[in-house]
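Both of the next two complexes hold subunit A, though its partner changes from subunit B to subunit C.
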Partner chain A sequence: MTAVDPDREDVIVGELLGAPAYVSGEEIARRLRISRTAVWNRVNALRRLGFQVESHPHLGYRLVRAPDALLPALVSHGLVAEIVGRRILHFEELRSTNDEAERLARAGAPEGTVVVAERQSAGRGRMGRAWVSPPRKGIYLSVILRPAMPPSRTAFLTLCAAVAAADAVRRCAGLRASVKWPNDVRLGGRKVCGILTELATEADRINHAVVGVGVNVNHDPADLRGLEATSLKIESGGEVERVGLARALLEELDGGYAALCAGRYGDIVRRWLEVSDTIGRRIRAESLTGERLEGVATGLDEDGCLLIRLEGGATKRITGGDVRII
Partner chain B sequence: MTAVDPDREDVIVGELLGAPAYVSGEEIARRLRISRTAVWNRVNALRRLGFQVESHPHLGYRLVRAPDALLPALVSHGLVAEIVGRRILHFEELRSTNDEAERLARAGAPEGTVVVAERQSAGRGRMGRAWVSPPRKGIYLSVILRPAMPPSRTAFLTLCAAVAAADAVRRCAGLRASVKWPNDVRLGGRKVCGILTELATEADRINHAVVGVGVNVNHDPADLRGLEATSLKIESGGEVERVGLARALLEELDGGYAALCAGRYGDIVRRWLEVSDTIGRRIRAESLTGERLEGVATGLDEDGCLLIRLEGGATKRITGGDVRII
Partner chain C sequence: MNIKEIREIIALMNENEVTEFTIEREGFKLCIRKAGGAGAVAAPAPAAVSAAVPAPAPAAAEAAEGQYIVSPMVGTYYAAPAPDAPPYVKVGQEVDEETVVCLIEAMKVLNEIKAERKGRIVEVLAENGEPVEFGKKLFRIA
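Moving on, here comes the complex of A and B:
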């Protein structure tokens, strides 16, 4: 487990990524106001992280290849976000990014902190289910948020995250994902992304929220055997660059969270309805207590709960559990 | 910090507490199916915990005095409860019993586990406020619960706990406490007990709840200086036995929780209305976001939220924040 301090290599990766070819050590040193020895030290630190950096006695440094890893230095390069991703912590392996984010949140980590892992040994989905997390094939990240909203409204966090994931997939893989209430992002009816929102609350306020997002990016069919799931690679026929996708995801999450914090619930519902494939469909819902309901999904209520119209015409509110489109 | 394993001394304390005078080591050994040496070892363990036990070569053992401590052995003696108090862990000092219970809950501690401390160095109340917790003067305990109910209904946990505390105070100190919504138990308008309910949830289900209860039992005026608070000792003019009160509290909590688990919300509301001093009164409510409302408290809604009728006649729902009776 290596947590990378974003204050260390970030800046220099920025200099190298932004450059057309070689950048002289002197120029980097001047721009970053550090010594040339410090530049050299940081370049070596990057190399240890798997960056291939050429150095030339006269020309300086040139980034040849970045590692296939969701390193803070890479993900945060060019990231346009206010809160989400302010600080990114990267781990080769975690049991679960939500567990680590939860631990950090309790220890006082600031809002917007993102925990990323290349693999999870005990990745979790909703309702205690497992989330398959093979190394370097997916995006497994969790965001710490501290929204000043009543706990009853937190379904919106999940809705926001689902919309953000669908948007990021469209931006980066050109695939039109749809969202099944509350939190499954799907391609052709198969799950490509899941959201696990966990909260620590007092009865009437949220202490912190951890929004976990798992995306099946470059999973091969063998990785997903036996699951009703797919990956961006399977659907698009080619590998998808994870760093760009992670960055897009954080940006979309940030935008959605800003809307939420500003109380623009209507905007979130509107965006969600655009990407949802649930509304207007006949669904079967099973509640957490095992109660079953069947009817037509008609919309969301003010708390983000799903409304369904039953046979007899009555409308019921679904707060959780499993929903199946039939 | 010493956590006492209830399986160790409990049984023998039970034998000694239940006995009129001396009990022979042989008889204890026979009843508990342990050796006489084991009896002797356990008696010595009790002595180390502050129990004064006389031993007589022919007559056996006699409990002279139990320590002034909320030891599992004492609290669980004669405890009539199904879930709450199944396991009691005792600490001389904790930062906060809620924090320790939270940690244990995450580590898989069973429902009904109770964490008790003789003092808290960083006791917490609602909304991040401090809870004054001088050593051996109060009851500071937290219960781990895993209710299968939607998070939206969790206000009922707090209501239950407030009713339980008021009932326990009436049973053990003969004082008629009243409850101010949502969670203050008061005597003569001054706080004598507070409840802090914290939850770990997924968007639609509760992973676990920690219900913390702090009771000012034998606090002297100096302990509460500057606070709008009182203690049972101040109000009743004499010390109140903490062990009996803690036991009564766990029993009442257990009863309320059983009602909750059975979905008997109406019973809880009814009991709450009996002890509440909020309904029918003119109140000023300040929400978490700073919004102020003034009106007459008219009742509770289906989620346990407070309903108030404003000047204009409209009814509003209070989900949290501060409520003041004016």
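Moving on, here comes the complex of A and C:
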């Protein structure tokens, strides 16, 4: 059998998803300007991807069940976003979605391109830390962005991404996710979503940014053993539909990115403060080389850095490292 | 190469309005530059010879600036991608435009800094984990 054009398959999924009941093969063929045989071939290709499609000699095709896969056709169906998700590339397995996005970005992939994988064999966080990425349990995706702003402003990108992830979790799982400075999304003090933003700069401009988001969706306790982490399934007591969550995540990221591009930094900080659990708490900040500071988090400065009041009353600003609420 | 030959090179440069001259051989490098009237830039090769070119104007700051890789942002400087990983670059290492020389982390955004020019790392000017300001000199490069 000849190779199938994934885009055409996506279109067929779109046709079937949007239909309340059976759609005739003839109608699909006419709308997509392909032959009825081509429709039939592509429906079979969908079946191989795990779609359950009923066919009826007189009525046509009906989508009974879509697979639990973050396929572009499913994620982009009904997606309301300007930039993020314009193009979605799906992989069964990648070493790391950030690595693939980085490679594509260097090769000139347009802004808004999303790389999503069902599993990562070398999922990573900052500083060489691993991100547990079992197959079909989480959302592992990376977005390529090309913000026209100086590198010094990109701290806001990470604040935006954190707010977006927290909002998507609230929307889809009904759980009150909060954000620990600057971008850990947590439930009950345990990490449920991590963000890894990597920049490629040239002199004083950003060539591209890759924002990687990992969400623990349907992970079981055994998947996260030994980690200070949780999943939406563990917290809500039931499986959460990944496709809807991925779509919500792209929509929220898109909204946040629009605010960033428009220079609405105040809005971003305000939204961040609404979902943050850090301000007013006693924290310990540790740089990655081991230097420690303890105090009370009092707010963010105009660069998005965390302000803490030390024992003696002096205020210090934290630009990185790890922050623990104690 | 002796001082007489260097004088001749400078004379030729002046006659022909040549602003830069570099010659490199085993264990020896000579670089004479008149960037907007700047003095000669010392080359770091073992047997480097520098020669001053009479400068009509004060030394141009840009000429010296061009020899440093600076931080594009406020953040924390990291010499390696992970605590137990070897540093991206070491003194003496040759780099080109695409070579990643360090990471600057600001608010968990990791920014890979590239050399953006060909050369050799002569000096590392930041400590691993050190907070750096915008424009802070990170490496001297020749």
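Here are some notes:
Criterion: the second predicted complex is superposed on the first by the 317 of 326 C-alpha atoms of A that agree within 3 Å, B and C clash if a C-alpha of one lies under 4 Å from a C-alpha of the other, contacts with A are read in each partner's own complex, and residues count from 1 in each chain.
Operating definition for what follows: a contact is a pair of C-beta atoms (placed from the backbone, for glycine too) under 8 Å apart; a residue touches a chain by one contact, two chains touch by 3 or more.
Quick caveat, the model's predicted, so the values are computed rather than measured.
With subunit A as the common reference for superposition, the partners subunit B and subunit C occupy clashing space.
In the overlay built on the shared chain, the residue A:92 is in contact with neither subunit B nor subunit C.
Once the two complexes are overlaid on the shared chain, A:157 sits against subunit B and subunit C alike. Once the two complexes are laid over each other on the shared chain, residue contacts for A:54 go to neither subunit B nor subunit C.
Applying the stated contact rule after C-alpha superposition, one finds that A:291 touches subunit C and leaves subunit B untouched. In the superposed pair of complexes, A:320 makes contact with subunit B and with subunit C alike. It is stretch 153-161 of subunit B, out of 153-161, 279-287 or 315-323, that runs into subunit C when the two complexes are superposed. Shared contact residues of subunit A, touching subunit B in one structure and subunit C in the other: 126-127, 150-152, 154-155, 157-158, 182-183, 196-204, 288-289, 303, 319-321.
Partner subunit C is touched in their complex by these residues of subunit A: 126-129, 150-152, 154-155, 157-159, 182-183, 195-204, 209, 287-291, 303-305, 319-321.
For subunit C in complex with subunit A, the residues that touch the partner chain are 72-76, 78, 81-85, 105-114, 116, 128-129, 131, 134.
Contact residues on subunit B toward subunit A in their complex (touch as defined above): 126-127, 148, 150-152, 154-155, 157-158, 182-183, 196-205, 207, 288-289, 303, 319-321.
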